[in-house]
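Written below as structure tokens is the structure these notes are about.
Think of it as A, B, C, D, E and F in the order they're written, each chain with its own count starting at 1.
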């Protein structure tokens, strides 16, 4: 019973306090951050009672406006699929977060709570099984729209997303080989180890640098953001969602941003130590140069959760930077990049990892 | 590990996600003005009238990629259990999987030579 | 569907109207119907120096379904006018039209056989921006005035 | 959708789909319609439909007098209006057989080069934006904005300059101009570097542009390409060298040549030309001679305002020039004069019958040949290639459709 | 070489002129125009503007002198554009402009001002060296009912003074004060008062004398001009009708702007009387725009075509019922010869009507004077007479015939019937078809009322009282649905199935010329309306 | 003299492996971000620094507008407070768009200029802001230097300026002061601050030097 209540609280926390706000923040960052790096100001005029909040209020206006915008359902479309697709897009990204640990075990009032919604033994498989639901959402929405641009966008999306799905999967094999588990929590815990007398944490980024270089573009491609925004391809085919109006379009957009949050979370979890803070152990900091700070358990947990969030925010920021820096791929180049560069390299990564592990054994 | 409990949590997650997404879609369906006119009921194509339907056979190249995906994705699923138990399997397991991967790579090479990724 | 209040007490509806009007005025996704010279100033107005984004009106949506604001930027001639009309028709409510520049307002210097003498002959216009092309300040001024107009008009829901 | 058209294209019976890019499409930043037959991502057939911005340039010029017509030349290539002004009035002056004083020529040259920079920056910005690079777009826009704000202080307008008159300019360059231009030149070079960093050494960008939109040098010549488009095909032709006008003969500069005939080279050559324009501006401002900018004949250029307000002679000369039946009337005859505009050879063909208005005012639009060649360029490629191809030809609707 | 000519050399070419010809005239006639302000071929020489400087060379001695005062002499060599001459002219101009006010912005003469023209051609490339305060004189003086004098702008050429003295024969203006303070002033307290005052505005080379009717109405460069003939009286003065068809929004329907005389040696020389000059208002004011048909007391507006059809039906029915003798036609002496020819063809040759006239008893007569004015206020009475548009047999005036019932149908062109016939007489008419240019108060509505074009709206010709047939030219399209007499009569003939009525001007001319010797030559500029006020036309009006 | 120079580009391994080029680009944008963010932060902390963006925050900040600007028209009064315009119609004649509409009338006896406009309208909807009317005006009456960019309106009728609004363009009749050195650099945040200057009332600023008046 306690676990169920805890789960509900955790889920509410994740969804209400983490995913949606993070997506919201990312949308804000999308505009504000791009503005700052482009020497401009970005949305800052919208205000409530004189509070402008650096343009955050503008995002609120966007959301409200999308709610009260005309809900256009094209008579030439397949109505059921047309309305189902945005639902599916949102649903698919919301559920993915279930297996990502955002904190260590927390002993609270005698109960031990895992700061993770579901520590499934098949965490990886859960993710790879459910995340691609989003592909269906796009494919269905694009097809249902019955518009040539969206049809092109849809078929591009399918081609792109399934291709990079393979690389995402393959690039993480090395990581699984290193950690010997597909349980995400376990992976994070193992990243709390250290090398070289505790100087360097055993984070995925050090264990699998090539894996990171492969996973990062592949994961990025899964979020359909520039330079991988071919399904949208605004200046070519306007986008797979061009017949959607108001919030239905907003849901597609929001799912993209949540995907970015998830990508950030996955990068954090796999390669940057998850909720681990370097040299923070369950009883406090133990620095390799000999300094020690003991901290109460709750403080440690909070620090670690904060660490997770900070990393998340950083990757959100970084992904935006990349998104606003690069031009867009072409479809065939994208596919070639995936199958001819990333995929063989991922295979190579598996082989190299195997050799290294065998040698070290 | 209480698997039951974790799956309950997943179920709750699924339910909540469905609730949120569904609520958004349904509430959106109720709000907003509505109007129509003959032009609005046509698909948008840069302001000119669309000729022909989008719903017809897509180019075969897209399907070639999809077929490759099916092959490789399934193989990757095979790789996961192998990777988890890689340390236990040792060198023999490594060679086995190397052969397996070699076959895959040969397949990939074959498809490259067949021009799956060539678009013109 | 206009909001009717059978009680005659319009407090709630006007508050709601004001609220929705507020949201709509700060979130205008433009559909830039860019044809000619004014496009240069539209680029300037949306670029860093003048930054239309500050008014929540900088994210161009190139599909009329998602756009709120039809920015008709540049000369519309008779060959192009059906295209403009169709794009306007395909927009979702609520929609606002800005005639950007002299050519769209009145035909401008092109008082001849080829050019539509003001797009208000084709579609209703909410805001006229004179200038050939209008300076970015004028564009921003038009956006501010349009926001006031949206805020003060009854909102359809 | 009942009217399905199945067009068997090849042995595989690949169905093609007809897609319209434009008239109102983000790629077509001028208004143009591209009617594509696509099989998957490949373009099988391409048809370019123009005329969406026809606004009767020639007829309007014929209805306005020789000086008034300049406002219509502004709106030809609205990215670099001043070059158009200069070209038009050089043609009129050739018709009237007069020459602007040497300061006037230098001023025209410097302003033309500034406009060339703006034009290239805009073209590059648009091309970058359409490839998804919004940040380079904004950086380049920033650079253009600098020049515009400088020009605004001299000319009074940001885009439509209408700055030249027969026999000179509306105003002289102020004395602070060189100092201000110096700083902006630095910033322009800086922005150029940033664009290089962001794009030209980026594999994604190279892939998108290298080898795309190929057109052979022979085809380029037979289509009538000029300007950067032609020079990116390795052909050495520039009106500034072939038939020097203004003060280009006194200036030391390079004309970059590239030989790959593709979108990358067209993009790159514009960046290089910006650098060269900076050089010309720098030298031009350094060499700027003293003296009047306007032709001194009272029957050609307006008297100074102080004379108009203060003396009956000035007032009468002013009236004689401005009253409709006493304005400038070139002798009957015809003339063609070409200059190197940002996009290539911009020529004006004028016919005078000795009347108040041009009898005929035909412009050789620089981007017309490019647009004609566009179907050939994009037919080799994919849908996504339309974007860089179109961006690289820098089509300007006002000039194309006139 | 004949005895009575003197041969001189102008710019290297030799010409011969009668003795006594002044050099300015000689140069002008030889195609080497010499600028001048005060000289006018019709006026005495005063030689005060010093603008007509030329270089005269006789017997190896040369000097720069005014061309107007000197007359031709055997062996004289004249050079009109040597540097010395140009310098002298420049100096003259600079002098004339010393005290000239900066009035071009509100001077009506701007655009047709000789000062401006000569400054453009001969003026100083440097601007004025005069930096002192200019002499101020009185502006805006009213010196006659239509004249305003601006003394500051005056260059004291005294053309106006001489015009009144020598042409009109009344000394009404004079020059007062001395030196830089000299100015023109009216001798009488009430200002000038004669019938030719407007001409001084034309001959004034600058904007000193302006016309109050045209003052500030329109800038001269907006005006287009067409050469035509004044319809004011039988003199047939040649005029330029100046009009503005652009700027429609501010014209308020007013097209004709002013009338300027046009030089014709035989008829009016350079002049025109005031009543002709200010008569252009009738072109646009109070015009009949649409045809109307009256049936059983119901009056309705119809198109001209329908009205012509109705008229034809009624005429046919009337003739069938009452015969041709009861139907009278009243042609108009204001119509063109061509229109009258068509009328004659239709009614006299075609329908064989005996009762055709062009006069009506009691019509107003003008007062003739010795210069231009003629008592007959219609431009084409002679044309009517030439075409024999007179009743075939005398049987009393139209009024008495109507009263007697001999005439019960009337087709009338442009006569003020309500004023000339009593209401009873009009009531007695069974059929009244009226072709009219202006709106007239009808106490008995005509059965058919057709709008007619005025002279400015059609091509054609008028024959003056002394038999000179001169062409009039169309300046603009007829107002409303009006048609020319030629068109309407041709259409009517078509409806009446009468052949032989000319449809075009040329056909009418052919027919005409066989009818009277006066019509053998139609004089006048054949060219259509010119786009702008031509420089040539302006040159003549200033001479 | 100009010469043709070949600039062909060759690509090597750094381009082939994507990452270096991308990293350079990302580094550039990050640099922009960090630098701008630093100045934003300084400003948020009320520390005097240049702004973090080149943006003009329009209704709150305004640019210093140059005197040569061609923007909304006005008609000047002369030193005695009389209308300068004498309805000479040169502006109307010079206007390529026919957007000026003048009806002249005779002015009262006491005014030296005999003629004045009864109606003077400029249709901003037509106007192409070419400045030819200013150039044509012989009386220094019409100017386009009000600095008023606020011309947008929701009806075309409001875009017609009548004589009254031309004479009283509003409180912010402005033109920037004459150029003082490096003012243009207001745009370059790397070199100088964005100058946010409120407009000052300068009713009689003219770009033209008015010469001797010896009328």
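Note that contacts are C-beta pairs under 8 Å (C-beta built on N, C-alpha and C of every residue); 3 or more make two chains touch, one makes a residue touch a chain.
As the structure is a prediction and not an experimental result, all values here were calculated from the model.
Undergrad: What chains do subunit A and subunit C have as common neighbours?
TA: B, D, F
Undergrad: Which chains are in contact with both subunit B and subunit C?
TA: Per touch definition, common to subunit B and subunit C: A, D.
Undergrad: Measuring between Cα centroids, what's the chain most distant from subunit A?
TA: The chain lying farthest from subunit A is E.
Undergrad: Higher C-beta contact count, C-D or A-F?
TA: C-D
Undergrad: Among the chains, which is located farthest from subunit D on the basis of C-alpha centroids?
TA: The most remote chain is E.
Undergrad: Quick check: how many Å separate the C-alpha centres of subunit E and subunit F?
TA: Between these chains, centre-to-centre, one finds 51 Å.
Undergrad: Hey, how far is the Cα centre of subunit B from the one of subunit F, in Å?
TA: From the centre of subunit B to the centre of subunit F is 54 Å.
Undergrad: Just the number, please: Cα centre separation of subunit A and subunit E in whole Å.
TA: It comes to 91 Å between the two C-alpha centres.
Undergrad: Which residue numbers or ranges of subunit C touch two or more of the other chains?
TA: Subunit C, residues with two or more chain partners: 47-49, 51, 54, 62-63, 65, 83-84, 87, 93-94, 109, 132, 135, 157.
Undergrad: Which residues of subunit A are in contact with two or more other chains?
TA: In subunit A, the residues touching two or more other chains are 35, 37-41, 44, 66, 68-70, 72, 76, 146, 148-149, 152, 234, 238, 242-243, 246, 324-326, 331-332.
Undergrad: Could you check subunit F for residues that touch two or more other chains and list them?
TA: If we look for residues of subunit F contacting two or more partner chains, we find 22, 25, 28-29, 53-55, 57, 63, 90, 93, 96, 128-130, 138-139, 187, 212, 214.
Undergrad: According to the definition of touch, which chains form touching pairs?
TA: A-B, A-C, A-D, A-F, B-C, B-D, C-D, C-F, D-E, D-F, E-F
Undergrad: What part of subunit B is in contact with subunit C in the complex they form?
TA: Against subunit C, the touching part of subunit B is residues 31-35, 37-40, 42, 44, 46-49.
Undergrad: Which positions of subunit C touch subunit B when the two form their complex?
TA: 1, 63-65, 82-87, 89-90, 93-94, 156-157
Undergrad: Which bits of subunit E are touching subunit F when the two form their complex?
TA: Contact set of subunit E toward subunit F: 101-102, 104-106, 110, 130-134, 139-140, 215-216, 219, 221-222, 249-250.
Undergrad: Which bits of subunit D are touching subunit B when the two form their complex?
TA: Where subunit D meets subunit B, its residues are 1, 3-6, 12, 14-15, 17-25, 33, 39-42, 380-382.
Undergrad: Residues of subunit A touching subunit F in their complex?
TA: 33, 35-41, 44, 213, 321-322, 324-326
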